[in-house]
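Below is one structure, written out as structure tokens; the observations come after it.
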Amino acid sequence: MLKILKYSFYDLMRSRWSYVYFIFYLLLGFVLLFLNNDVSKAVITLMNIIIVLTPLIGTIFGVMYYYNSREFTELLLAQPINRSKIFMGQYIGISLSLTLSLLLGLGIPFVAYGLFKSAAIFDFSLLLVVGSFLNFIFVALSYNIALSTENKIKGFGYAILMWLFLAVIYDGLFLISLMIFNDYPLDKFSLIATMFNPIDLSRILILLKLDISALLGYTGAVFRKFFGTNVGMLISMFILILWVVFPVFRINRKLRKKDF
Amino acid sequence: MKFKIFFFLFFSVLTISAKQIEVCHSCTIKTISEAIKISVAGDEIFVKKGIYKEQNIIIDKSISLIGEKGAVIDGENEGGILIFETDNFTIKGIKIINVGISYTIDYAAIKVVKAQNFIIEDCILEGVFFGILIEKSKKGIIRNNKISSNRKNEASSGNGIHIWSGSEMEIYNNELFGLRDGLYFEFVKKSEIYKNVSHDNIRYGLHFMFSNHNIYHHNEFRNNGAGVAVMFSKFITMYNNTFKLNWGSASYGLLLKEIYDAEIYNNLFEENTIGINGEGCTRINYTNNTFLRNGWAVKIAGACYANIFEKNDFMHNSLDLAYNSKVNDNKFENNYWSEYTGYDLDKDGVGDIPYRPVKLFSYIVNKTPEALVLLRSLFVDIINFSEKVSPVFTPDNLMDKKPIMKRIND
Amino acid sequence: MIEFKNLHKSFGKLTVLDGLDLSIKKGGIFAILGPNGSGKTTLIKCLLGMVIPNKGEINFNNKSVLKKWEYRDNLNYLPQIANFPPNLTVIELINMVKNLRPKESEESKLIKLFGLEDFLNKKLGNLSGGTKQKVNIVLTFMFDSELIILDEPTTGLDPIALIHLKELIQEEKAKGKTLLITTHIMSVVDELADEIVFLLDGRIYFKGSIEALKKQTNNNNLEHAIANLISKQYA
């Protein structure tokens, strides 16, 4: 698996898109910090970008890589290697290269700016952790879609649709249902609904750092327990890990029955 | 001769009146109560190092009660400790611990009734029910004291400095923590509170009720259960105070309720659930304050008229302003808003397009508090944007027409 | 050497292999023929473990191959379409495949044979279809395995490369290897194949030597003989 990982990683690290992605983050970091001179504001803007963009890029890279390397994958499948190792190698290769683009692209400007002396270091590291998780989650989700869809165009469409659903539509439905069932106690519902969407979950994790003063304004006991203690942080992190584990598990299950 | 005798008597009276009474475990006078009993007006009682287990000491003579370092009065949780019922007294350097709790009587470490011209300074009051309780008094100075308690709930705890009916008080350099309210004013006039630190209290750091014409400044209020409350008062001036880390569902940096004609300037509101919560506030000027990383910088609940927000910095608050009505009679102008995305083409330092501090999302959260978990989501940004373009739910005249481009109170 | 027993495979409603039985003995060149969609590629992929049969058994050297992967060390496969990671160079790809298999390899001779020396440090994304196919062939023949499976090996090759490929195939045969070839080019079959396996409707319709086929169809030309077989399907 490590060998496949290594080559997928090399391959991607040399692709133009990895550079575009890397340079995008690099520019973003520099622009935010040096034109703005305000680390807190930079972190908030970055959060908005990271929770929307990393899933999108992860999804697109995942599907593209799967469909583009289909023939090569066939060649690999004829080699004496376990199927799931091939795909896990590719999966980790893509996720890692994307994560590296993110970490370096944002890390360099922030280090250059002198982040280590700033109090925002924790918020910033959390952003990077969440961004990395989102990469791993969305590449896994898009691999699931690609594995289940033979047609490249359809697969691409489904993947984008999934992103759109999780990034925007889900929250819309969520908000509407909160408003419709206004008369009922909704704190449990709203927390659980958050857990079912990795983008929302990541957002909550960052909110726990950035907007804790607002979050504690709500009266519900469940809310208070969740946001007021470390419970929220731990649960969110744990579920974020599950969001990686389940799609990966499903990839492996799907592979057992899959024809190439 | 007569004259000489008179002179002698006069001097002896003077020396007697200025006499110092020492209290210690090895002295002839072993308790403070004893010392008070034999003292006359003008005497100084010097309490030497040691622990004195006494309660309900009533002082009705104008004396000075001075403590040596290490002089401690232990009330053994059985009631009040010192009760001054006289004018012109001083208490200094005494440490008082373990005041009793009662649900019917307000036991205090130092209680002052109907007094004038007194000084309470350098005292440490620990494990108190009420710390300093002052009734119907005026012209007192309370300074450099440290008052604390460790009670867990509101009912079993009292206030640090509690003044009921008073005027011309001066309260400064005190530290108050672990109490119900750090400072409590009811029917107090013309008083000044400054350079105090009131933190980690169960309810309010500072609480004003029916107290007009007061000034408080350079105080720090942090991590209190509900922040600072100023209620039913007129002509209060508040400046250079810091309000921070007041977190919770009913927590504010500053709660203003039924307030008229106040000046609020140069204050810092940092990381509170709500920076300022205003209900029924009229003619209040908010100038040069900084609102940094609060949940809501300002929440205006209703019946607030002619409030003016000018030259304030609104920085990185989750929501800048919450408004529960569609009518607006308050003015926002020349503030700095970190969320402002407009431009300044003519380079005069003022943004060319107005800023709308009330977002649609803040309106939604008012109606459906659980929606808060969707803060900063892309969907919320989209609906906020559409509301910004054409306001439907939020007051459309509520805007800062001249937002400043750079921080004002840096 | 290879045995397929009662092999069933369908993709959705489309049945591709329908109770196929086939055994292939060790040594020689076997051409797997059949009209489009007759299941040639599916059959090979079943053997390679890329397609999982609905029913049936596949043995390679008397061991079942289903759900296994180790046996693949003893076979080489040339896929139909050569498409490699575009950002790797040719030599990196060769090294990678070498790296994946514990076996000895002798790629240098093959690289020279197909004139790929100048391309070794080029990215695979920049190569022409024919050159990619040459790389593909190098990857297939550089290992010494008992079984070699070639799926449409002649696609995109220039005449010289084609001659080299045929030579290679003959060489391997001479070493006693077993070769499975699918192709639509009858001249190649005529030239190389020892035995023909003809698939139709998901079953083996004919298995035997070219001579036997010609005899059975009463046709001296292989192309026509095959056409004859296929036309029977439509009749």
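When the chains are written out, they are named A, B and C in that same order, and each has its own residue count from 1.
FYI, a contact is a pair of C-beta atoms (placed from the backbone, for glycine too) under 8 Å apart; a residue touches a chain by one contact, two chains touch by 3 or more.
Keep in mind the model is a prediction, meaning the values are calculated, not measured.
Contact count check for A-B and A-C (C-beta pairs in contact): higher for A-B. The innermost chain, defined by the distance from its C-alpha mean to the mean of all protein C-alpha atoms, is A. Here the CA centre of chain B is 87 Å from the CA centre of chain C.
Chain geometry summary: the mean Cα position of chain A and that of chain B are 46 Å apart.
With centres taken as mean Cα positions, chain C sits 41 Å from chain A. Residues 3-4, 7-8, 10-12, 14-15, 68-72, 74-83, 256-260 of chain A touch chain C in their complex. Across the complex, chain B is touched by residues 38, 40-41, 44, 47-48, 51-52, 167-169, 171-172, 174-175, 178-179, 182, 186-187, 189-191, 194, 199-200, 203-204, 206-207, 210-220, 223-224, 228 of chain A. Listing the residues of chain B that touch chain A in their complex gives 247-249, 251, 271-274, 293-296, 315-316, 318-319, 338, 364, 367-382.
Those residues of chain C that touch chain A in the complex are listed here as 11, 45, 48-52, 69-73, 75-77, 79, 81-88, 92, 96-97, 99-101, 136, 139, 149.
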